[in-house]
């Protein structure tokens, strides 16, 4: 198992090679990429920012959970930080397991958990030159409720 | 969409590149590999044989079903035929979609359907020099019921 | 009528990869399987599917002259 | 007591990426969020989580001197 936050482009072929083993029957690779459209707005790039020590710790916890649950510790995840262009990979997850169900389900577990829990943030750049922080629930800051809503006792 | 049966090693990086698109938010890759153990027996290699025109037709039907169901036609599958060594890839499936759920679910749909329906057969080679045809239900020919069982009216 | 049957894997090992089979006009997939079972008596072969013109066929489906007929042992792709 | 708070994304844009906050001894996460809300009145900030020593904290959890405290806006990894 290995988790990393990196600033260089993700080498997905290296991740697949890293989890390989003669006992492997199935390998899965998930790649998240910056796409050119978000909720109808044309996107030109994304800044990824992380609370790095906690993000790494959460990623490592997620991999340990997946290993325990799906019976394979041949799992690596790399998440990019910094500014990415459209089509660049923001995350890659490679899993190898003796059987396909474990490889498929561990892959899904890891990506869903990363999206839900890991303190990484993104700011989209739009063609009109504006930028906005967005989140995985589909909201942008402008659309979110005011801070007061969440802290009323 | 593209399906192929090939005799050369599968170039998984080329498949990932083939489905790439600026509108892609998630790419999944599934790789099935020959592993060194099957039901406790040490395996040294596998012969894959196909009823080629029907196998290709079934693969294409599966891709069309996945495209319809998950809303992306950026799907390729390659299956190897011939003799493979341990760690070689027998199948690779790459899917790209705007959103991850489609990429994950199309991947799973395609591998499950290929394993269930596509007329491809495999014969395992064991360390003791013997060989046996095996199938995806976990049976080997020696363990299977006699032919008569299936054709009694 | 005489039809040509393609066979694969364990069935090809037992009976060859291509077989000519004489069947009465209007014979069904089940009729063909009964005929082949007679040729494979005592051999440990797995129950196959049958494809007609590269599509899986049902036991009651009729076979016509000129059809491409294939015996499909349990599949193992992936 | 004075604690140092790390902020990210929209919260860092609004209040800076590092803030010193004076809180009474035994203050909770909810107390900290009330204090920060006072500094961000009228700004459209999303409801954050709070982490203490790099683990997500509950609203009732107490903050101690020397804790690493962070404001975590809605996450967007993946």
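Going in written order, the chains are labelled A, B, C and D, and every chain counts its residues from 1.
Please note the rule applied: a residue touches a chain if its C-beta (ideal position, glycine included) is under 8 Å from a C-beta of that chain, and two chains touch if they have at least 3 such contacts.
Treat the numbers as computed from the prediction; the structure is a model and nothing was measured.
Minimum number of contact steps separating subunit B from subunit D: 2.
Counting only chains that touch, the fewest steps needed to get from subunit A to subunit C is 2. In this assembly, D is the chain whose CA centroid lies farthest from the centroid of subunit B. Averaged Cα coordinates give subunit B a centre that lies 24 Å from the centre of subunit C. Here the spacing of subunit A and subunit B, counted between their Cα centres, is 27 Å.
The centroid of the Cα atoms in subunit C and the matching centroid in subunit D are 71 Å apart. Residue positions of subunit D touching 2 or more other chains, listed in rising order: 78.
Counting partner chains per residue, subunit B shows two or more touched chains at residues 32, 100, 111. By the contact rule set out at the top, the touching chain pairs are A-B, A-D, B-C. The touching residues of subunit D, when paired with subunit A in their complex, are 6, 8-10, 13, 30, 33-34, 36-37, 40, 42-48, 51, 54-56, 70, 72-78.
Of all the residues in subunit B, the ones that touch subunit C in their complex are 32, 48-51, 53-55, 57, 79, 90-91, 111, 114-123, 133-137, 139, 141-142, 144-151, 153. Against subunit A, the residues of subunit B that register as touching in their complex are 12-13, 16, 20-33, 35-37, 86-87, 98, 100, 103-104, 107-108, 111.
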